[in-house]
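There are two complexes below, and they share chain A, which is joined by chain B in the first and by chain C in the second.
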Partner chain A sequence: MIKLAELKKFLIRRILTFLPTLIGVTLIVFIIAYVIPADPARAWAGGEKASQEAIARIKAQYHLDKPWYDQYWFLVSGLAKNTLIDPRTSNPVMDDVGKRFPKTFELALVAFFFVILIGVPLGILSALKRNTWVDTIIRFFALIGVSTPVFWLGYILIFVFFVKFRLINLAGFPAYPSHQITHIPMIDALLTGEFTIFKQHIGRLWLPGFVLGFQGAGVIARFVRNSFLEALSSDYIEFLKAKGVPKLKVYRHALKNALVPIITVLGLQFGGLLAGAPITETVFGIPGMGRYAIQAIQNLDFPAVVAVTFIFALVYVTANLVVDILYAVIDPRVRY
Partner chain B sequence: MQEEYKKGILDRLADFLVIALGSFINIFKRDWKKKNKSKMEEWRLMLYALNRSPPGLIGVFLVLVFIFFGVFGPRLAPWPYNYFPFFDNGTAYLAPPGTQVYLPSHETIMSLHLGADHYGRDLLSLLLAGARTSFVISIVVIVLGVPLGILLGLIAGYYGGKTDELVMRITDMFLAFPALILAIALSAVLPNRLQAFISSHAHLQSFVLWLFGLHMREAGNLGRLLSVILAMIIVWWPAYARITRGSTLTEKENLYVEAARAIGLSSWTIMFKHILPNIIGPILVYITLDFGSVILMEAGLSFLGLGATPPIADWGRIVYDGTQFFPKAWWLIIYPGLVVMLVALGWNLLGDTLRDILDPKTRRSIEFKVKKTKKMEEKEGEENA
Partner chain C sequence: MRRMPEPILEVRDLTVHFYTYAGIVKAIERVSFDVYKGETFALVGETGCGKSVTSRALTQLIESPGRIVGGKVIYHSDKGPIDLLKLREEEIREIRGKEIAYIFQDPHASLDPLYQVGYQIAEAMVVHNTVKDLKEGLQRALSILKRVLIPDPESRIKNYPHEMSGGMKQRVVIGTGLTNNPKVLIADEPTTALDVTVQAQILDLMNKLKRDYNTTLILITHNMGVVAEMADRIAVMYAGKIAEIGTAEQIFKNPLHPYTQGLLKAVPNPMKRIERLDAIPGTVPNLITPPSGCRFHPRCPFAKDICKQKVPELKEIEDGHFVACHLY
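What follows is the complex of A and B.
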């Protein structure tokens, strides 16, 4: 029972430190939107080509003529209550972002699948075949993964799979399933049994997902190798070996203990995958959040930039929070 | 195993480099060489270890090539980045690799070994000039961003308490954003201010233009180029603050710090002369790896259309402009991307090897090997005598 009380204390403390971080995020977003631009009203109205009346209208609409604390409150409450209107589309800006979020999330999910599918087995193999040519090749692959520019890999694979063999589709985005449960179309399609729609989504996203996950796979392979090796060299493994436990069982014990830090890094990777979306989505023409952010910047659409940046940070911070809590639940040693 | 004990040409080069460096420092500090014999010995052992790792040597080679072209690239480029052959001869437009184009106004033939872009510019020249852009950006980001992070991390870790709390909460604010997203948002909003700033400082402007090897005409585009640099500095320092704070926290518990405090050394002396040298090893590894990451992120940002604008030569920007002509003009995507990858790979290989060398666990075996070498040599010397 004492352990559970400790966990509760840890959770409360962790969630309490979550709040200042969230406030910090809104502060930085505010600085990006209101403080950095030399002439915010003109910038929000579309830069050099904006007319005087447009500037005046935008100024009044977004409180750009008010003191800073009023501006800050306007921004934060606008983000929280979804009252921030995008001047270009006249929609509440969170609606626009919300429409694009599932696509990016889906992409990250597919990429995450590739990260695990490629990274974990390679890491284990690399550790088991330590200091052989297999290990060398896998380590080199991991370094290639970290060093390859995402856009370059993307275009090479587009050349192979689209231009040469016409195996993939690069236009539009498949339809959503008829019933929305989780609002992530791929999962909904599985839940409602609409497998053709699920197949369409996979068909559209497998290559972008692979490209996005390629870098993470290398990182994970390397990490799995190191933590598995560390587990293999611990005392309890020596003990098991001395006891004459079969090899496979020894590995299972080691893997179980190595899994805790691996899960943490995997969780952090997921946040990183979401953040890598702008480049991948631009290359593959996926109308997701990253692409939206880039278009918003090109159009100097400030509310959109603010909203997208805020949402990305929110997801990232939440992912970290979930990882921390999971870590504490799995491994009691961190609940100090 | 006899080969391991032989001193190769690279080991002799390492000996020479260490002695040269020692003598160089000796010019400024008297008796430095005498007092720091063990330090020089350690450097030598590290270089020996590097010489025994093929991936490390490949990394060193790639990095040295990158630095060479970063410094001399724009001069070595056969054609300047701001000359547009397309206006002389229309066939230069997206000319494929290996084309020869006659330029009436220069009365010469231009050989496009790697092809041309939509202005007819020689891709090879652009890649060479782009090396300077990448090189300068990575150096500036690391030189300004990393020390800022280290300084704040040291202060937070050493003083602790409220200072620590304040610094780390600010650091957490920045770390709450995915790096690429924050860099994108910042480099989108920063250019106007930076342009105004750089235009009003004529000396600084000409210095920056010289640094990037750009013509005066590009002064109006500097704001965008600098915005990417500043954005990446803002993104880069928090990670270093966190790493440095962590190692400072454990390091300051050591007895030697207490002793230094007891004899009345100032906090700054303890932080910079005693703690920092002891925690700098892992940080150096991160710096080496991050040179690669900075170059990758810069290429990514300019691929998204942020940062450098044409005609400034920039690897990511060449790809961004080339995508409109994909797949016809494949060379505009394949070659710049390949260059970015090789450079990033070079830094990563070097960083990876440095990690092994600086890690006491793995270094021991290497040191042991090399020490044996010296004993063997002495034996050989005795025998010869």
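What follows is the complex of A and C.
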């Protein structure tokens, strides 16, 4: 098990490594935006009909006439202090992002829930029934899951649940609970006991979440199957059987050993879910950060693009940090 | 040497096949031998001859794609003789680790890396209800660590396997095997994965514990030195068949089977001085299509026509000395 002092040192070290990662990610996105042969000032000022003064004013306001490092610094420090105004919505960029992020995070949580709920049991079942028809069906399902495009599955399910049965709706977003604690409405609703609001959020997000998580569920099912089988073929499992340990307890040992690689992939999956959110949100009309990012890209709204990238990168590194901590909880050989 | 006529295990015609994509591997074929109460019985042979499969088949520890195709393993328990191969899964589980316990080859791989060693020893008792709960099991585990001579057991009991040396881990594995006072202990190459200096310590420990617990020991090894030091009786296996069975003295001083003779010439004989070591010509046969007749005939310097046609049966040549060879 981890000792607290070690954990604290590790956390500080890891959070320090966040900085170069985040700077690198925002810098790369900024440079791509910078070298694109487009004229954002003209686009922000209103496109073809924009007046020369308006364009010049915007150029001065956003430092677009300065060298690239000045522009980058202006952008990043503006985001950090939340003084950067989005040229498209006229709100501070981080306010816009802050409004949309909880919806996307919620969607990712629901999708993640489906990934685990479908992927892990199917993987275990597949391993236990290996080389039988059950295994074949599950492996086939996993293959389908991995190779189904998100938008296709989304539209098929919309056809079934919206057009045919009217079980879901595709517009708006349910209200938030009265108190904001974690700023994730679903979790806040549970914490404050407002179960109707929780139910509304689930009602809006279960199908998009399923669609978003479907691919991940296939990946996880395959992965759980293989690492569980690998653990089951280890020498210590044979020794456990030789000790006379009953089957279920043997499986528990094997599963715990299989967990380390599974958690790694789950951590990566969570980041992957955010990457899939733009398509899912567009298909299901959820006003989240993914759709916001797509609109920002379409409008050459680079401050918003960099802000969204920054948030996604932050979630990614945080997910990996959680994975690293879980390693140490599971495996005594992991030390910091 | 004193003969112990009371058998604890009678193995008859034990046959295990592995059903692989390449074909059916006849890993062991009609293996028969007796193990007597209180003795140390050594199963000897080169890698892949079926010694491990034989030892595991005794308690049905054969995993798919392997299958026990036929034979009987009569175990003389306190409640009378039972055929271990006829028992259902739950019944054989109750015997495994309680009446017949195992020690495996590689102590680095035998212990679950995620659990403390104390827990793993205690678990062997908890699953057989020989202690009332885990707490009592952990107390007993402490005394077991003392018995297997682990220094500072109070702190070692909380160690994870990776915090111990190989010799120490093998002591834990041996301790785990002995927790429930088994009648039979099957040690599958218990010292192969260890340093030579540690090997001697582990063998001493096993000899001592065997006397203390009055356990019957089945020792599986390819190391003739270990065999000479430990064994009362020896069975030599070749390509999934028993070639020769006899007391240690009979096998080392008067080997009858050409394979045993070759084997003893290939390693320093602990009981007889030999001038130079000779290799046995040829290689171990493929067990998907084993040689007809005697499986050793392609490598045998004395092979005759009959050796290619007829499978030799075990014959008793002198008192307690059996050989499966057409020369006799």
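Going forward, the second predicted complex is superposed on the first by the 294 of 336 C-alpha atoms of A that agree within 3 Å, B and C clash if a C-alpha of one lies under 4 Å from a C-alpha of the other, contacts with A are read in each partner's own complex, and residues count from 1 in each chain.
The rule we apply is simple: contacts are C-beta pairs under 8 Å (C-beta built on N, C-alpha and C of every residue); 3 or more make two chains touch, one makes a residue touch a chain.
The model shown is predicted, which means the values in this text are computed figures rather than measured ones.
Student: Who does A:123 touch here: chain B (first), chain C (second), both, or neither?
Tutor: After superposing on A, A:123 lies clear of both chain B and chain C.
Student: Once the shared chain is lined up, is A:185 touching chain B (first), chain C (second), both, or neither of them?
Tutor: Once the two structures are laid over each other on A, A:185 reaches no partner at all.
Student: Specify the partner with more touching residues on chain A, choosing between chain B and chain C.
Tutor: B
Student: Please work out whether A:24 is in contact with chain B alone, chain C alone, both, or neither, and reply first, second, both or neither.
Tutor: In the superposed model, A:24 contacts chain B only, not chain C.
Student: After the superposition on A, what does A:330 contact: first (chain B), second (chain C), both or neither?
Tutor: The second partner, chain C, only.
Student: Looking at the overlay, does A:256 come into contact with chain B only (first), chain C only (second), both, or neither?
Tutor: Touch status of A:256: second partner only.
Student: Per the contact definition in the header, classify A:143: touching chain B only (first), chain C only (second), both, or neither.
Tutor: Touch status of A:143: first partner only.
Student: So in the superposed three-chain picture, is A:238 touching just chain B, just chain C, both, or none of them (first/second/both/neither)?
Tutor: So A:238 only meets chain C here.
Student: Under the contact definition given at the top, report the residues of chain A touching chain B in one complex and chain C in the other.
Tutor: none
Student: In their shared complex, at which residues does chain A touch chain B?
Tutor: Touch list, chain A to chain B: 20-22, 24-25, 27-28, 32-33, 36-39, 43, 139-140, 143-144, 146-152, 155-156, 158-159, 163, 271-272, 274-276, 278-279, 282, 293-294, 297-298, 305, 308-309, 312-313, 316-317.
Student: Can you list the residues on chain B that touch chain A in the complex?
Tutor: The contact residues of chain B facing chain A are 55, 169-170, 172-174, 176-182, 184-186, 188-190, 192-193, 196, 292, 296, 299-300, 303-306, 316, 319, 323, 326-327, 330, 333-334, 336-338, 340-341, 344-345, 348-349, 352.
Student: Tell me, which parts of chain C touch chain A in their complex?
Tutor: 59, 61, 63, 89, 93-98, 101-102, 104, 106, 109-115, 123-124, 127-128, 160, 162, 173, 176
Student: Sort out for me which residues of chain A touch chain C in the complex.
Tutor: Residues 234-236, 238-247, 249, 253, 256-257, 330-333 of chain A touch chain C in their complex.
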